[in-house]
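Order as written gives the chain letters A, B, C and D; numbering starts at 1 within each chain.
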């Protein structure tokens, strides 16, 4: 029923490593190394990964802040991998981004009002109209006109991030790339921002690509989840499935490492298996399965053969040799919350169902 | 990229700068109004004389040929003849350079020896009386014209108190074999202790006057970088582990704080060279700068080019040395270079 | 009774009525306002709170890492029976680094970038807590005799204990050459080199990636047991606090608003702030996440009167504005600074539970909800 | 049930005028704060006062100087080399001119030099620095290589070399210094831009569709203004020193024009007896330069920026 808004196909972004007196290129940092996914209109896709996984690079390549080394980016049916000036203009009308650091993404010398104004100003929206729209936007992000003439240093982190969001939605984009929008914020503020994003999505029919290192954050927020490691997606599928039965050893490790606040939640985590060692440098990606150096299940095959995606029952695609062979014995399940969610869905349809898992396919 | 490769790149950059400098100087001499031959001969010379000299100097050749010739000269150390001394400019420079280097080296020594400790002390007494006092000293030292301080030194310590000689490098009653041209070295090598002391007497006032401006800058930059470093987590951690506080200050803090100071020293070297032109005039110091000023006043163009290029080379080399030192003091710089792209 | 020592007799560290203020250009900032806390022997205690709640300042005040002025510190800090505030610097330095040690927040900035790890560790091993060492003695012990080699040996041992891969080559490395996780291990090794009794740790590993953080916490738990350490830890992450600590203090606006043993705190948080905080954490159970706490942390230059949380509290009423609430004991080892639990006041609300607060926060969000949908218009 | 107790300060302003008053009040507070910081440093205020007094006195020199006619070619050998007195507070020079009057006119020349050098050097340097820092790559390499070349010589030496090829006059000296001065600002601005360029607010502006001109001049430039202002203040002192230095060795202001450096130079010939002739012009230079340095240092603190001279 739904139509695909963004599709990324085998995307690659390599940064050259230059060395020597003459700056010859001697190698590549494979920041993004063959990433594919697609997002349907109105959906939220979460891209999970630790530092160095290339998740931010994916976003910056999509919006054209980096040029793709390989692969294709389709936006609304159009190939925008290497956009023409015209395409770039159109893309910037329709794709916007919210950055991680709310402080550094606001110009310290501009007032809140003039910061929000920029996208409209560039598009030649007349001044009175802009003023009106800014007030509207401030309302949308639950601030008010008192903030118009404040400078960023007068605002708290959460308020700054609201301003960033207001600027991003000022020209009514279709797709919003959220690059760790809450990771610099305190948890009580984070909850507010996530709530705001959920509201905006519903009201403005936005599509989100939500990038984060915090798995627990996307549990209720994303329809689809993809887990990245060293420039490659290791597992992707419906969020509910990924949490209910994490198939890739890395997804399991990520999930099990989350510190939680109740016994009940502990039971939702897979068996605790701290990973060995550290994340290798993306300059020096291990052969075969790139996760094998830290994997508790490593086999001989893992060293030589790069695993391809395997379809699993239930939906997610997984890159793992071991998952095939030993699935039943080694991988335990965590409780499925589908049941609760479903109840939530039906019981509170129009009203306060805002936090429930959105399951579009039903 | 290895650090040595980075250094080679920097050095290449320096050489390119020198090349640019040579073009500027060449351009100034040939493109701007004023015929060098006319300048050499003076206003009284006839047109014919000027034309002849022009041909002799190659001024009638195409510009690029002139430049090639000029560069050939520069590279082989043939800087032409000085119109004033009637000797090879290279010979003149070889004679006058050591006096300037000696002066600058001692001045630099004063700058570092007084500037850095005062900066450290100011930082440790931040906002205290000592800090304010050093701030005043620093203001004074960067605001007072070097030549004026030289004149004041002469007036007070020379004329009034008669503690120090006011001109020259060595009293006439001493004679020294000028082996290296550095009188401090030559007198010691010859075992003439009296003469050595006399050289110091002559050096002290001009070197102090010369070091003044830099001292204030070094003091302030050391102070501010010490304060920056003192606020770092690692310094708090070192104090937290109960290490002796002198160790934290002079070993762990100062080494980090030294990096910006070292960077400034490169620029300072340039300002020392510049100020030397004034100080040498005040103290009649027989150095390169005084030679240069005389050359400028006499339109002795070959000499001006020689002096300018020598100073350019000195500047590029000193900055290279500082790059090397920076890599030694701060492994981050070295490692960053080796990591980055 | 006082909640400063809920664990009863003879704590290793006890802080009474600590006040820390700063004279700044804009006026006086009252950052720590009467904090009581204690750490029992062998106990792991956490101070939890969000950015700007004063937890780091509390830690720095205990360790005398704040310069006075601008800081103004009052109160009583006792370590193992010794009053620290009045202790001469020399003796304090001896305690610091030998009997109490610390781990700083950011593994990236807590190691000196211009010295090798070995140099820093060996100096700490040899001279940590020996601040009276003179230059000559330093030179003698640093460069002559076999003492340095011994110290380096000890450092390598310690690196091994924190499960550092290839400790010998790490000794020769500069901090920038190490990954975040490795630096964190170096910092832990450095803190434990002189076998302290009390470890004060500021946000260990929270700057690291999840899987690395996980490794570090597991390691830390082992080390605490092996070395029989008492620990005062500071964190903004309640999950982390729950994972390692026996008891938790929740701090807000420069005050301790609630304390309880870990399990009790998470089972039944009492203070509306604690409840809001717990409710704001995204949950793995898939239950809805509450929409966070309204407003932002108080300004210390002009803090709210009475209870400092009242402008953000869904249960606030007149009494909250007027007086700072008293600490109400809950059993013998817990307490909460909130009038809702004070029998002497007639609060218009019943004491809320975590669930009621969750619901409450939802309602607050609903208001803006209506505004937003009116204007958003789809 | 909780509405009335939860909320502080989320009310919307009722009318336009209320909003306007909030705005102007906020701006005023911002400036008031900066001013308060500034005046809390006695030295910065002293610096500002020195500059104001000197500038006013220099502008009004023809009116306030006791002997305006002594500014140029004027001789009265009978009055030569008189010590400070009521008639001549700072004494007279070797041809009997009033030193105080000549100092006031000398200030005019020094300030004019500052104006010309910085008026040309700063805008050129800033624009080149913006371009180099923003575009990077070859543009940056070329501009910065040029800058490094010009910086490979002390400004005084460079000015000497250039004036030697032309005529040693005040205008040529100014030309020479101005021709080099932009490099310092190019350096400063380029380094700021290079680091600002990676800030997310620049990326955000680019994503918003803003073109290079908007990003350079509307987004980045405002963030470089305070360091530039600080540097300009410190520069002013430096330019005065260099100008005086050039005049001192005889390639700047030419007699009988009253250059401050020229006067010191002439005065040295009459040391130690007629000390005032050399000492007062020297002090005059020192005081004005000190004023600029104290002001610059104060501004550096107010704006909290790192600028070295």
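We take it that a residue touches a chain if its C-beta (ideal position, glycine included) is under 8 Å from a C-beta of that chain, and two chains touch if they have at least 3 such contacts.
On a predicted model such as this, the values are computed, not experimentally measured, just so you know.
Undergrad: Common contacts of subunit C and subunit D?
TA: The common neighbours are A, B.
Undergrad: Starting from the Cα centroid of subunit A, hunt down the chain whose centroid lies farthest away.
TA: If we average the C-alpha coordinates per chain, B ends up farthest from subunit A.
Undergrad: Decide which interface, A-C or A-D, involves more C-beta pairs in contact, and give its chain pair.
TA: Between the two chain pairs, A-C has more contacting C-beta pairs.
Undergrad: Centroid from C-alpha atoms only, then distance subunit A to subunit D, rounded to Å. What do you get?
TA: Here the centre of subunit D sits 50 Å away from the centre of subunit A.
Undergrad: Using the average of all C-alpha atoms in each chain as its centre, how far is it in Å between subunit A and subunit C?
TA: 31
Undergrad: So, what's the distance in Å between the C-alpha centres of subunit B and subunit A?
TA: The separation of the two C-alpha centroids amounts to 56 Å.
Undergrad: Rounded to a whole Å, what is the gap between the Cα centroids of subunit B and subunit C?
TA: 53
Undergrad: Of all residues in subunit C, which are in touch with two or more distinct other chains?
TA: Only 294 qualify.
Undergrad: List the residues on subunit B that touch subunit C in their complex, please.
TA: 232-247, 252, 255-256, 329-332, 335-336
Undergrad: Taking the touch rule as given, give the residues of subunit A at its contact with subunit C in the complex, in rising order.
TA: 50-51, 136, 139-140, 142, 156-159, 186-195, 199-200, 203-205, 213-217, 219-220, 240, 243, 253-262, 264-265, 268-269, 274-275, 277-279, 294, 337, 340-341, 344, 352, 354-357
Undergrad: Once bound in the complex, which stretches of subunit A touch subunit D?
TA: Per the stated touch rule, the residues are 63, 65, 89, 92-93, 96-97, 99-101, 104-110, 115, 118-119, 122-123, 144-146, 148-151, 164, 167, 171.
Undergrad: Would you tell me which residues of subunit B are touching subunit D in their complex?
TA: For subunit B paired with subunit D, touching residues are 13-14, 16-18, 20-21, 24-25, 28-29, 32-34, 135, 139-140, 142-148, 151-152, 154-155, 159-160, 217, 221, 224, 264, 267, 270-271, 273-275, 277-278, 281-282, 292-293, 295-297, 299, 301, 304, 307-308, 311-312, 315-316.
Undergrad: Per the contact definition, I'd like the list of subunit D residues that touch subunit B in the complex.
TA: 43, 145-146, 148-158, 160-168, 237, 241, 244-245, 248-251, 261, 264, 267-268, 271-272, 275, 278-279, 282-283, 285-286, 289-290, 293-294, 297, 306, 308-309
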